[in-house]
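One chain, chain A, appears in both complexes that follow, with chain B as partner in the first and chain C in the second.
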Partner chain A sequence: MKFRLVKDLIAKYLSKSLLILSLSVVVLIVIGLAMKSSPLLDNVNLFHILTEKNWSPQKGNFGFLPFIMGTLWVTLISLVIAVPLCILASTYLVEYASDRLRISVLPLMNVLAAIPPVLYGVWGVLFVVPLISDWIAPIFNINITGYSVLAGGIVLAVMIFPIMISIMVEVLHTIPKELKAASLSLGATKWETIQKVILRKARPGIIAAVVLAVSRAFGETVAVLMVCGNIPKVPQSLFDAGYPIPALIANNFGEMMSIPLYDAALMFAALLLFVIIFGFNLISRIILNRLEEHA
Partner chain B sequence: MQISGISITGSLFLIIGIIMYKGLPYISWEMISQSPKGGFYIGKGGGIFNAILGSLYLAGLSTVLATLIGIPIALYLNMYIKQGSFLEKSSKLLFDVLFGIPSIVYGAIAFSIMVWLGIRASLLGGVITITLLTIPIVVRTIDELLLTVPVDLKNVTKSLGATTWETAKVLIKYIKPGIFTAILLAFGRAIGDVAGVLLTTGFSDNLPKYIDEPAATLPLAIFFQLSSPIPEVQGRAYASALVLTLIILIIVICTHILASKQKKHKI
Partner chain C sequence: MHAHSSIETKETQNIILPSTPHMQIKDLNVYIEGTHILKNINLDIPNNSITSIIGPSGCGKTTLLKTLNRLMDDSKEVKVTGSVLVNGEDIYAKDAEVTHIRKKMGLLSQRPFPLPMSIFDNIAYGPKIHGERNKKVLEQIVETQLRNVGLWEEVKDRLDSSATGLSIGQQQRLCLARGLAVQPEIILGDESTSALDPISTQTIENLLIDLKKDYTIVLVTHILRQARRVSDYILFVYNGKAVEFGKTEDVLINPKNPITQQYVKGFIS
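Take a look at the complex of A and B:
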């Protein structure tokens, strides 16, 4: 009899310690990254690192501006493409589409979410890059290889479709039917109802979905690295090559040991990425949890 | 609106279609069943069996570990801890956030720990990194599943005098198909990840035999072969991509079947 209770206690404390261990990984990551990147911050001040354009580790110049701008460019391009498409598609799925269509489309989104980044990268190299160099760039009379921030943005846009669609569909489902009915009974057309009632009511949820997608886009490494060109310069136009932060870490990790402060700089990049993404995720999750509680 | 819906779904078929179109001409039995021979990377004989096997080992091991760690955590969060308490809410939130942390950050930190301890890139390093990456997936999926269990079932079991641990075992039986879904999800993420293994697992032309040796993985094989200027090798990259796509599709289909089973199971 006693043995059962002991077993219960063992299970309790074992699972509790597992929980604490796995959560302490977060603390470990922050402390580890901060410690590793501190040599860089001791030598140069933070503001200078973030705004300096010049990246030449051999000479001891660690300017992160090209990488920050590269990340921002690809993220913004992907948002410009994905946000309107996803809002329209998810309202269509929730408000207009038949149940059968909805049930058959949502699993396809899961397939899209399950495709690994490297396959997106292969697709980008095989399809998006030639598309840009052979079809889009000639319209503007530019001659380029196609490896550009635009290619990165397009690939990223497709990668964040599934996360945005699945969250937006869920958010749209939480909107009370009465609101819709009231608006329709006042004589508003369906489109007016969607525009002025549903989307307005769903705004916090949609914003949360976008923020979540942004943090996914920030951290995406390999797919973007494969199509972006990777030149450490601040991109000036859609067709310039860019060099996002995750690509910087992935490309240079092997060789960083020989140059002083190089590893500290890369660790600083990882820390930057971690802090930004952690913050973004936290904000959007809190918004989404609130919405769920109210629904 | 319809157009936007079509273009989003269309992008999926476009991706799979293009990989199939490019990969099919290059795929052969030799590709799948042999390890690289001399001169493989300049277009001579051999295959990517080492990478397929390495990926399966890596994903399999880390999924097993993540499941063993993740299920007790999810149970603890739902059964032992006071519901609605600060610790419960904040740990669930934290797992949600961890789910979004990119694998390159995990890879970077694991790499620097390995350098610090003097361990070289190996299958073990990769397994640890990918396990950390997949724990949040397992915890959150199983947590969601546990919420769907009827409260009555929990209460009935407890009223019969069962301890919390025994109740937990009943609940696990109830959500069994869902657990397989969580495992498959974690496996899919583990097998497709590149950034984490790029820094920690290394690459090798040999079949993986020991856990402390570097091992090839499929996504990395695709990545390396694609950057080669030789058309033969690039073709192999397409074929490898096709293999990875097929693995992922099989996983997704299994997940889908299991998920619909779980739905039927419920009343």
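Take a look at the complex of A and C:
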């Protein structure tokens, strides 16, 4: 057989096996997490620990609700802040801004994306937390330290700006010029065209951008744990401290391992995070498919 | 219809004589990124007839068309001098309102671009933007315009489904109906049949011929046979200059200018 053809075959099977190898890592992680957390599940009811509010490992109480709610609060707050801002920022960049501005802003976004999370955490501690305790909370007559889910949400929002804006800009660039021209030539203003035509056409892409950003937000650890207080209680308001799942793992892993079932509980937290992110991606995939069918 | 009543009132004021061309182009120059694209164009576009702009690709015919409804303004780095008068009003005047100007002109682009909404909403989009809220009126407009383009029978049972589900020929007719729904006075077509099959092309051509009794129509085409089939007048553009303008037969059969002669005979393209 000719050597060239052999090389071709080798390349094919090599890349195939590398692909399988990298995918199997994910599967192995899931299996590992499941096995490690099984001692906990052997002892307590799954439904019970997911809905239990009380987290006191010393007494054998493993309630995960505070962490699940902490994660949801922080993520939701960051989305409420980031999504509208990013949609408006990216439409401005694509539809209104001059070429020069666009060309100079987009690389800046990449710089923002490359800043290590711990710096965002420091910024949060030095700026966002005092902002909340000294300025925002007094408006509502509340006296707090500022370490809260709101602080976590704000820091996280700023952290997901770059990825969200750059994906949304890409999405808006794919909208054909002629579609805009069609709307404009009917006498629509630019803003009407953006609202009713461009953003509607871009909806699947915008949702994809949000999904990617959320997946990142769920897992973001360091910056959030530095500012959101880390008290294992279900947050009742924006100003309450929260304790997201990644922070739980990062703060406690490797410590206090003498407590029975503690490491199994942390492994279960990791598994939970994995399941939440996986489920979220699955649901958004289904929504996207629906939208694309209707588009 | 709005369009016609507004002309009549102006006639009674003796501002515009009935014979005044709908659209006049005066000393028009267009520069894109510093390049001189259109050079000193002067033209009166005859009312209620089809004028075809022909010429080799890159000669500036699409630019000329887009200059007529100020779509060129939208791209950056474009400088326009001279004037385009619609009913005697300069659309390049400083106080001219772009949305108002564009409403007067329906644009039919190269490929159909239905808006990302239902068939009904595609037609109702324009009237809604210009303030029509009454559902009954909107339904009436949608039916009338879909009938105008011969699409009503084909789509009346699925007005609420997405416009992208239509065939490309149907989409192009939908886009024409969408343009007519804002009651323009002028229809601009930019190689509007170039993406269509022969039968859809014929449908669109026949529609345009029908519509010229109510509208002034300007088409850009690179197909000489099409220009011959549909147009009453032809403008030959070469290298950004209006080389020859006249009745279709005159320009295509007895062109005066040697460049037109060569183009019509197929020596340059």
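The rule is short, and it goes like this: the second predicted complex is superposed on the first by the 256 of 295 C-alpha atoms of A that agree within 3 Å, B and C clash if a C-alpha of one lies under 4 Å from a C-alpha of the other, contacts with A are read in each partner's own complex, and residues count from 1 in each chain.
Following the convention adopted for this analysis, a residue touches a chain if its C-beta (ideal position, glycine included) is under 8 Å from a C-beta of that chain, and two chains touch if they have at least 3 such contacts.
What you are looking at is a predicted structure, and each value in this text was computed from that prediction instead of being measured.
In the superposition on chain A, no contact is made by A:L76 with either chain B or chain C. Touch criterion met: A:D99 reaches chain C, while chain B stays clear of it. Contacts of A:V125 after superposition on the shared chain: chain B is touched, whereas chain C is not. Contact comparison for chain A: of chain B and chain C, B touches the greater number of residues. Judged by the touch definition given at the top, the superposed model places A:I207 against neither chain B nor chain C. Once the two complexes are laid over each other on the shared chain, residue contacts for A:V26 go to chain B alone; chain C is not touched. After overlaying the two complexes on the shared chain, residue contacts for A:T189 are found with chain C alone; chain B is out of touch. Common to the chain B-facing and chain C-facing surfaces of chain A is no residue whatsoever.
Against chain B, the residues of chain A that register as touching in their complex are 4-5, 7-8, 11-12, 14-16, 18-19, 22-23, 25-26, 28-29, 32-33, 36, 84-86, 88-89, 91-93, 96-97, 105, 107-108, 110-112, 114-123, 125-127, 158, 161, 165, 212, 215-216, 218-222, 226, 246, 249-250, 253, 257, 263, 266-267, 270, 273-274, 277-278, 280-282, 285-286, 289.
Every residue of chain A that touches chain C in the complex is listed here, in rising order: 98-99, 176, 178-189, 192, 196-197, 200-201, 294-295.
On the side of chain C, the complex with chain A involves touching residues 69, 71, 74, 76, 99-100, 102-103, 105-107, 109-111, 113, 115-117, 125-126, 129-130, 162, 164, 175, 178-179, 182, 188. Interface of chain B with chain A (complex): residues 1-2, 4-5, 7-9, 11-12, 14-15, 18-19, 22, 69, 72-73, 75-77, 80, 91, 93-94, 96-109, 111-113, 115, 132, 135, 139, 163-166, 168, 185, 188, 191-195, 198-199, 219, 222-223, 226, 237-238, 241, 244-245, 248-249, 251-252, 255-256.
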